[in-house]
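The next part holds the structures, each set out as structure tokens.
Common to both upcoming complexes is subunit A, partnered first by subunit B, then by subunit C.
On to the complex of A and B.
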């Protein structure tokens, strides 16, 4: 029983790490109408930006995390201006292909600078809490807490601020939004900046929970897609819920199937959602 | 040197087949296949496994083409029936899961060791210049597939595919069964990729899972966009240019001394990424635009 509870908890942590990029991917898909594959590379950029601050400047992981948010947000914004902005009126799939080129470029830039080695952050070693036989790492609790807080903030922003409402309006009908005089380009800018920052922050979490290497982000991409699709495209709480479900299913699947197939769970979930409930849990359509 | 050129030309031919296959899917019909490498692998593995267990080569080849086509049909039906925008994600996931399968199901695929000793067709007939003969075979295949796909492209069927690409609502209103045409186009592309896999496996006489990494799919895309999507001749030209680019950057190592192995590989792939992005923005029609 304890064993199963441990798998469940680890699954929730995995899901917590998936949640932020899933929210970013989902909201950006709805807004810009193409699946942005570069979200995986943004995780890697975030993890390595934090590594540079943590190792290079010797600052604590909190500072490193904040810097990762800023760096990744800026990179995502710059990518949008340079690559996606000139392509706004093209077929959505042309943008998806360009985003794969972006992923390849960003990942290999990281590899060019840091090489292929596995690295980890300099963080003080803390003893895991043990509660009724369940091992709970302090970092894991922090990851879950910060993630839930950030998703609540995103949802509050989309629901209650003028800019957030304008963003949803643009996502629903870009032409109408423009006709009504909404600054759609500025809205897209804010969304990509925020989405990039969320993914970058999750990259640091992933680096804390496992190890850091240039393929860190793209190893997770199928699970991120699965979480967003399961949650329903465009819905932030849906993406959080989807991510937690995908995380728990990945971890508990190792009780039944060989752990080498863990990353196939996301693919199975995508197929299942596609065949049974294509609109996802929250019922969104891109 | 001649041996090197023959080997390069053979690989160009195999890449040209992959690019021609993707051209039916993306160039003609506008379907995003991010799992090109999966169909390549299915072709290579099916034919290789059957051939080493003693099945006659023509039978093994046919089985490989059928297997690629069936896999293509299943994926396309699952993704296209409901939501076209899922196809990119489903095919990407399929490629990854298939590689996991090849690595882990050693009872069937021999796992990380790969398949060795795949027989080379008619090897006894041409003991002296076998590589040249094989190049001829690959060239013949590229030529045949090119001619067939040119026929497809100008046929009424090809016109429907282009109509779907430009505006599928209009095609549907005109009474075309859009999903059926899309699935057929996807299957044709998958079979051609499977054929490339067959030639690849029997050429190297050896296949293993890490030959089928996701980056191979990206190379095929770059070749197609570079050469000109929608144009079969462009697809072949793109494959030639891409291999020139990949092989050429190998020589850059001697010219730029501080590049280590990892950095060289990274720089090469950065270049591939940038080139793909720049082409998509600046010249999406490629060198040889669609006529």
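On to the complex of A and C.
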């Protein structure tokens, strides 16, 4: 029984790491109407930005994390201005392909600067807490906590602030929003800045939990995609729920299938959702 | 479009190839005229062409330069002593770049232009497997330090041999060490999904089982997953006192960190090509403390190793340059035993006669060649090990080094002989 609880907890932590990029991916998809696969590369950018602060400037991981939010948000905003802005009127397919191109560009830029080696943050590894036979890592608990907090903040922003409401309006009907005088481009700018920051923060979490290398984020993109689709495109709480479910299913799957097939779980979820409930758990239409 | 460009390049290649050939022909003709009087006089003094294909750059770049240095040092000694039956060795150096594609191009040049009869010391298995069919077809003798089973598998007519142990020998040696440490009774095997994982695991676990050690789990994991937590949970649920972690350094770092977090109290064992300085840097000295590593080691006490170490000072004592030293020495001895014709075929026909028992043990080319001239049988014992080959070209035995991470440094603890 403890064992099953352990798998459940492991799954929640994996889901916690997936949640932030899944929220960014989902909200940006709804707003800009294309799946932005560069979110994977934003994770890598965040992880390396924090590495530069942590190793290069010798600051603590909290500072490094905050800088990663700022740097990745800025990079995501710049990518949007340079690449996606001139392509706004193109079909979603063209934009999705462009986002894959952006991924290659960003990953190789990181590789050019830092090389292909894997690295780790200068943070001591701590022993896990043991509670009722359940092993709970301190870093993992913190990752899960910060993630849930951030998703709540995003949801509050979208629900209760003027800018958030304007963002939802733009997402629902960009033409009508523009006609009504909403500064849609500025709204998109804020959304990409925020989405990039979320992904960058998750990249630091992932680097903290494992190791850092230029392909850090792109290995995660299928699971992120699955979480966003499962949650329902455009819904932040949906993406969180989707991420937790994908995480738990990936981890508990190792009880019944060999671990080498873990990656297939994400694909299976995408297939199942698209066949059974294409609008996802939270109901928004993709 | 891409096709057309490709064709254009091929055409250009072919043209430059043509001009190059013409040039060569002209040069050869000129040489013939100038050198004509010498031909009759010194036919038997013609140099023997041998190629080196060490990884001077790329992933093996840390090892290649020393490997080449070792080969050059042996050849200088052979030539100073009057060559092989009066004929000097002429070396042609190429860089494999640790890339199969670059190595194949370089090998073609060595075969077709330099007419080498042997090439030696490729490092990565992927490189060796790419060059292997070319060497077999050209009847060029081919020595490598690659470990994959496929290197010596199949019918290669005897032109392939290597001094790096195959997975079978490696699995047995790792298991033998575990058995020698009586405290490990429950062993779990965790391996990254590679061509190495299954054959190595089968031999490792098979030997352990017949030695009375129980295998608690056998788990192959995927590369590049955000976490290995559930894999580790499954393994830890079986209560192992030793985990054999057969991965590469990046995934081993993630797993070792997680095992530390989960307060795993047992031991960890891995290959030294993954439990290395980079591993310690990634995992941190505290996590890495006490982890065991095993790797094929040179025969540090052998006379041949001492000669090697004097000629090629090595900071990290890696096992590859001593193997190159043995490659060229064995090729020299096999040719010396061959009498007359110097060819890849002569090397493969005489290799085992000079490398395997029975025979007087020799530890250098000079000693061996002297005994061969007296018509005696010899058995070369090299810098990398005893250098005895089976019919397929695999070495029969090899010393292994056992290392342990202590206070953030890798220290050699003992030597295991299979």
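Everything that follows uses one rule, which is that the second predicted complex is superposed on the first by the 286 of 286 C-alpha atoms of A that agree within 3 Å, B and C clash if a C-alpha of one lies under 4 Å from a C-alpha of the other, contacts with A are read in each partner's own complex, and residues count from 1 in each chain.
Just so we're on the same page, a contact is a pair of C-beta atoms (placed from the backbone, for glycine too) under 8 Å apart; a residue touches a chain by one contact, two chains touch by 3 or more.
Not measured: the values here are computed from a predicted model.
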**Prompt:** Thinking of the overlay built on chain A, is A:104 touched by subunit B (first), by subunit C (second), by both, or by neither?
**Reply:** first
**Message:** Output check: A:172 vs subunit B and subunit C. Expected answer is one of first, second, both, neither. What do you get?
**Reply:** neither
**Message:** By the touch definition at the top of the document, which applies to A:213: first (subunit B), second (subunit C), both, or neither?
**Reply:** second
**Request:** Considering only the touch criterion stated at the top, classify A:258 as touching first (subunit B), second (subunit C), both, or neither.
**Result:** both
**Request:** Tell me which partner A:128 touches in the superposition: subunit B (first), subunit C (second), both or neither.
**Result:** second
**Request:** For A:6, decide between first (touching subunit B), second (touching subunit C), both and neither.
**Result:** second
**Asked** Can A:270 be said to touch subunit B (first), subunit C (second), both, or neither?
**Response** first
**Request:** With the two complexes superposed on chain A, say which partner A:161 touches: subunit B (first), subunit C (second), both, or neither.
**Result:** neither
**Complete:** Overlap of subunit B and subunit C contacts on subunit A, residues 258, 260, 263
**Prompt:** In the complex formed with subunit A, which residues of subunit B make contact?
**Reply:** 26, 30, 32, 34, 78-79, 82-83, 85-86, 88-90, 92-94, 96-97, 100, 103-104, 215, 218, 221, 225, 262-263, 265-267, 269-270, 272-277, 280-281, 284
**Contact footprint of subunit A on subunit C as seen in their complex** = 193, 219-222, 224-227, 229-231, 233-234, 237, 249-250, 253-254, 257, 260-263, 278, 281-284, 286-287
**Message:** Could you list, by residue number, the parts of subunit A that touch subunit B in their complex?
**Reply:** 35, 37, 83, 86-87, 90-94, 96-98, 100-109, 111-112, 115-116, 221-222, 225, 229, 258, 260-261, 263-264, 266-267, 270-271, 274-275, 278, 286
**Complete:** Listed in rising order, subunit A residues that touch subunit C in their complex are 3, 6-7, 10-11, 13-14, 17-18, 117-120, 124-128, 130, 135, 137, 139, 206, 209-211, 213, 215, 219-220, 223, 251-252, 254-255, 258-260, 262-263
